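Below are structures written as structure tokens.
Consider the two complexes below, in which chain A is the common component and chain B and chain C are the respective partners.
Then we have the complex of A and B:
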């Protein structure tokens, strides 16, 4: 950035600081959450420490781990779908509808295809992604052409999706009936995804899909021109437009990508578990994805941990219920954790920003004091601006173009 | 990334399972409820009453577990597995969503007896309890048609699924057979979402809309959510609510509104659950499919409150017609 050792050194210190802040935020969040949860439980007459012990014991057992991993796969995919939108300030609340519509059509296509076996899998996956992309694309199109808020349109599309499935998931339309369950035709055994056998149960092979999706997300958004454009639209539309980015096209593209990812959310259940889409197909994972994306800070690895944490809480929540605790306490914990994380990150970000400003300011003041004394010192006049943006309070120009000193996505 | 995390997790506690199979005395009966929980005053409550009766008469205690909304089969399997591993016997899943999970878990615990309400599950150690809801609903329809003064009655279903359509079909047929001029307004709270059984506010809203359209008898088949409809109906003079699954006139949680509860289409889940617990207690566990119909008093129309005493002749005629096979009640609308 600069050859002058005087300006170089503080910058390096800020970098170390950044690392520290990166750890401070989640640590603060978890500690806060822990304290609040303990308080809530104590106030309602439940022993929090015994509960944490039960959760810790039970959640780390081998069969619990398999269960948790399997449960986390759709959560992760859902979080990635939401995060794609988040990165450009699009709030796709419609992942829930997108994945259900996608899973329904994918299951129907898979069930009615005539050629046998493994060959159907790519068709099922592609159908799911395409349907999810179309369903989200509607909202993207409406936003780009008519300025309709994606928050409104996606949540309405959730309802429309529910009605569409309700209509088609009917004996004689695209489904058949077994007792009280109406479902698409069962996929044959050969069309199911592989599983990884362990001593404690089977891990869904669709974990591979989640890993590939996570890698693709990381690479596409963090390492490509497209990802840069997408993020820059999220940072400032006018700046992106000035940089030659078509904002409308980016809106549609981001929604389509988010929807395609959402289409995969139902696949672990469909291809590794149920083999059919029926009126017992799990719902609500799209909303879970929003919380997990927030918790994981839109970071590919962060979201993986968040998804595992969510699954851990659900697994151990069932056990808590068994031990006489209220099952609702898990929902309370999830809420508290998300709030703590959001608040802690914001606090740490502001604190880091102020600290950074103070340091740069102090350093400039020191230099201003030093310059007149050392006449002819090799400090060019245009040097100071290189470090001043932080001091002027423009957080965007701080470091490496990151708006957030704790943003883990920016190296 | 995820793999590393997964492997790290798996490596840390290999081979250790979360629960060891309990030995010795069974701690009693394990009951896993559908959404809404034991105090839904309706469906789950009926199952709980069966267990309460077993506790009183047989000294068998019960452990109640409840489902959350939006569960998967994995969640349900976990709940059932834990009950079975802790030694509970029988283990009963209340609600059709438990069908798959019961079949899978029953296979792993051949020495435990399993029961499932509203579904038929495979397995030699599984007792499936199914009910003729449409027959009781038919009688509710007869009562509604005779009691309405506006000529309009309403049906509120929780979720538009075959199970709830049975209630609708029976009710509509009962109304039409009694008085073809009476119009039945059918509404479902959700097309495809189990919140339909817990969303009290939405049922209240729906009932409010119906009352505004001059409908004066509302039959709700929506589990816990139906309480909202009953509450709303109770606020209107001259309007009647018809309860479901439990005799809702007798429910403590609904005592405030009981003077508006005309009758209830009762589903004898308590009878079925008690049957099963008793059979296990006696060492001769039931298995296969248990059908509970109007003929064998597995379902019935409640008379608590005495509001339908004046029309009992018509209702008895209809009951006899169904029992004798003269009236065939459709189970799909």
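Then we have the complex of A and C:
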């Protein structure tokens, strides 16, 4: 313990501390999840270890890897869309509706486009982002102007979006029918995104979109003024307002950005796979995004791992079914993992905060002891700030439950 | 762990605070108590207090007008100490509440009143000390436990279900007592009649007003068999007539032998209803007085205390160059009832380069709103705010800050810091558009970090590094960081609301020094404070705020804390025997240095009452 005023040593130690905590949380979470899953499987009379082995073997096969990567692309985009809201304490539960409406209009526009050439793909992407942004922007606008909870409005917009698609996706309106499938006109081959050919299959070229989105997310939130404003609103709305952030404008902007990102969620499927939006277009990815954002702690890289884990579980779940296990066990696993992660992170965060406070206190006490002329100061009489009960939905973002940041006594 | 014990070992024996409470005597000596709370020299306070400083008779032997006490106090708290990790919220609390009395507990926000009541009500466990109820040692571990011991609490924010009837609300959770049928209704009416509570049991709670709801809450507590009621700031939500009605109810309760603990910081009310008054400051009991022998001014002084002698500001640096001019500022707001009320009325003042304008006043008289209006966080209904000749009334908070308005908020945890963010991010808060925090739209994190290091060094923020979260610093160091941040952007005017509240004494004098130095360099300061010595010691001009108006002006060179304390209570608003001091106050000469027209409202206001 150093007594000289400011050296580099304590700084480094805090950094190492941060790293330690960074690894402690996922390790604790996965270990807990592993144990609980094993227990659940044992209780239902299945052999968990055999199951894990099957999953490990099958999930790491080459063609599985390609499948998992392709599946993880939309998951990741969805998670980023949700995370933009989470960073600001907004719970955009409507990514699901946003991406479906966006994908539908993008597919329709793409199908009816008459000009050709390289501009078609950007045009489709921009359409999707714009539609997603508008759809989410409605919720943002309602929240900023009328105080409508974004949780409620985005859920309702999901339903409205479904109805809108149902109405327009009709033979003779914006769609055509092929056997049982009603779908928008197929995109011409030239409008499809590139793929990367490997021995085990094709990796979607839209992985580039996901990587760019991840980088943009990291840069925008972590390195720009706008991102700082957004995060400060998420940390403390009152402090941000006192600091000069227009919270209302920020709510709308964040929802628009989240919606634009959500608009991209359907693109890997549309541009690399189906080439059309039909009534068999995959749904529910928006809700997975919530789980993945929680799992990845809104971190650009963490969410990538989480998306891959999710895809891995889906891939191997099918295999388990084939081997005589109940496929539903995969859903159970996903649930247990999310719960373990959320609880473990919160525990580690609290533990880390207490530890940090103790360290700060201990170090200052040591320093004060070294300076005998320390003031015989009284104990500062501060009440520990009351925990501000935030909206439970927001709190689930796991952002920053402000629990007693009590101050270590510093004479 | 190590840190905590080390700190505790170091601090407790170091000052007079560590000395044990005068055990068993139950005797409270006013002057002596002041000394206990005081840290350094009491030179400044001693001559002031001595004239009134005779020892007050121990509470339990006071011949009061209330019903005769049978000797056993209803509630006795001895040596209560409560520590939170790193902070001590209460220490050595001694209170004796006589049965059948209204006992007021007064103290500034954050003095530790709420923690103490939470301990009594079983929501927190004390680390040391004993609780005795009706002569029996208890250690309530939950509110249910406290209720079994006959202690009930009426919270400041009512806990009623709007969509249930009054009777359902009362019975809810106490179904076992009198069932849910006719018996419960009979019992409710019995209690209501006995104490004149005038309850209508079958009305939906959403249909009744605030005062009625409060009576429902009181009845709820009585229904559960409470003999001692804790009322937490009960008058905060009431209009004056309702306050009178509440006090009538309290007298009824008292007459029936019940005991009321009344938490408040409204001195006039306390004086009119309480039989005994205990003052809490900085977590401990500093005085016990009886209303007949005290005055609002004296109580105000006891509440805010005199922690350190403040050297005077020295040479006046006031210039005649106006920096912040506020004229005709009006602000109205809706209260919980939905009625429109004037929060700020006709606020006019000018602060010049190198001038510190202090605003005195009991909290809740519009100071917080004034600060928020100047900062652009609230939109006033009318009036003009000029910064160095430029009208900033219509621009947003960020533009105002960029234009040179520094801000030290009253509640630093809610408005001044991102508690879970590292110090260098907190250094950006509020100034993210300015160098060294960003260039163009991009954050320049390296520069910001270096500048944070500088602030930490220059302002003596005691921290092991700039990567720790703001939450892990002590209050004083958090405040020094905020102060350093605001001063780093060369403000023209600094809006400082309670800049040294909850701050240890060392940090307090550092902040005072730095404010003085900044003033010498030409900074204009709007200082809002509840600490009278701070106000008198720092300010060049003093104004008193009462009910949303600036009612009086005083010269800090001649006014005493006592006089100021009296003026803060709205002169004679308390209805107590303060006519004399009020006149004295009105007679203090308006500061000739100030450029604004002198107001004598303080006097007329006092006279009108």
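Methods note: the second predicted complex is superposed on the first by the 351 of 411 C-alpha atoms of A that agree within 3 Å, B and C clash if a C-alpha of one lies under 4 Å from a C-alpha of the other, contacts with A are read in each partner's own complex, and residues count from 1 in each chain.
Throughout what follows, a contact is a pair of C-beta atoms (placed from the backbone, for glycine too) under 8 Å apart; a residue touches a chain by one contact, two chains touch by 3 or more.
Computed from a prediction, not measured in an experiment: that's the story for all the values here.
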Worksheet item: Thinking of the overlay built on chain A, is A:280 touched by chain B (first), by chain C (second), by both, or by neither?
Response: first
Fill in: Touched partner set for A:226, first chain B, second chain C, both or neither
second
Worksheet entry | Which superposed partner A:243 touches (first chain B, second chain C, both, neither) | second
Discussion item. One more residue to check, A:173. First (chain B), second (chain C), both or neither?
Written reply: neither
Practice prompt. Return first, second, both or neither, reflecting whether A:235 touches chain B, chain C, both chains, or no partner chain.
Written response: second
Discussion item. With both complexes superposed on chain A, which partner does A:356 reach: first (chain B), second (chain C), both or neither?
Written reply: second
Fill in: chain C-contacting residues of chain A that also contact chain B
none
Practice prompt. Please name which positions on chain C make contact with chain A in the complex.
Written response: 1-4, 6-8, 10-11, 14-15, 17, 39, 84-89, 91, 110-112, 114-115, 282-283, 375, 377, 396-402, 407, 409, 413-421, 425, 428-433, 437-438, 441-443, 445, 453, 456-457, 462-478, 502-506
Item to complete: Please give the residue numbers of chain A that touch chain B in the complex, ascending.
Response: 58, 60-72, 76, 162-163, 165-167, 169, 171, 177, 179-182, 198-200, 203, 207, 210-211, 214, 269, 273-274, 279-280, 282-285, 300-301, 304-305, 308, 314-315, 318-319, 321-322, 327, 331
Practice prompt. Would you tell me which residues of chain A are touching chain C in their complex?
Written response: 5-6, 10-11, 13-15, 18, 223-229, 231-232, 235-236, 238-246, 353-354, 356-369, 375-385, 400, 402, 404-411
Practice prompt. Write out the stretch or stretches of chain B touching chain A in their complex.
Written response: 1-3, 5-6, 9-10, 12-18, 63, 65-66, 68-75, 78-79, 82, 86, 96-97, 99-100, 118-120, 159-163, 190-194
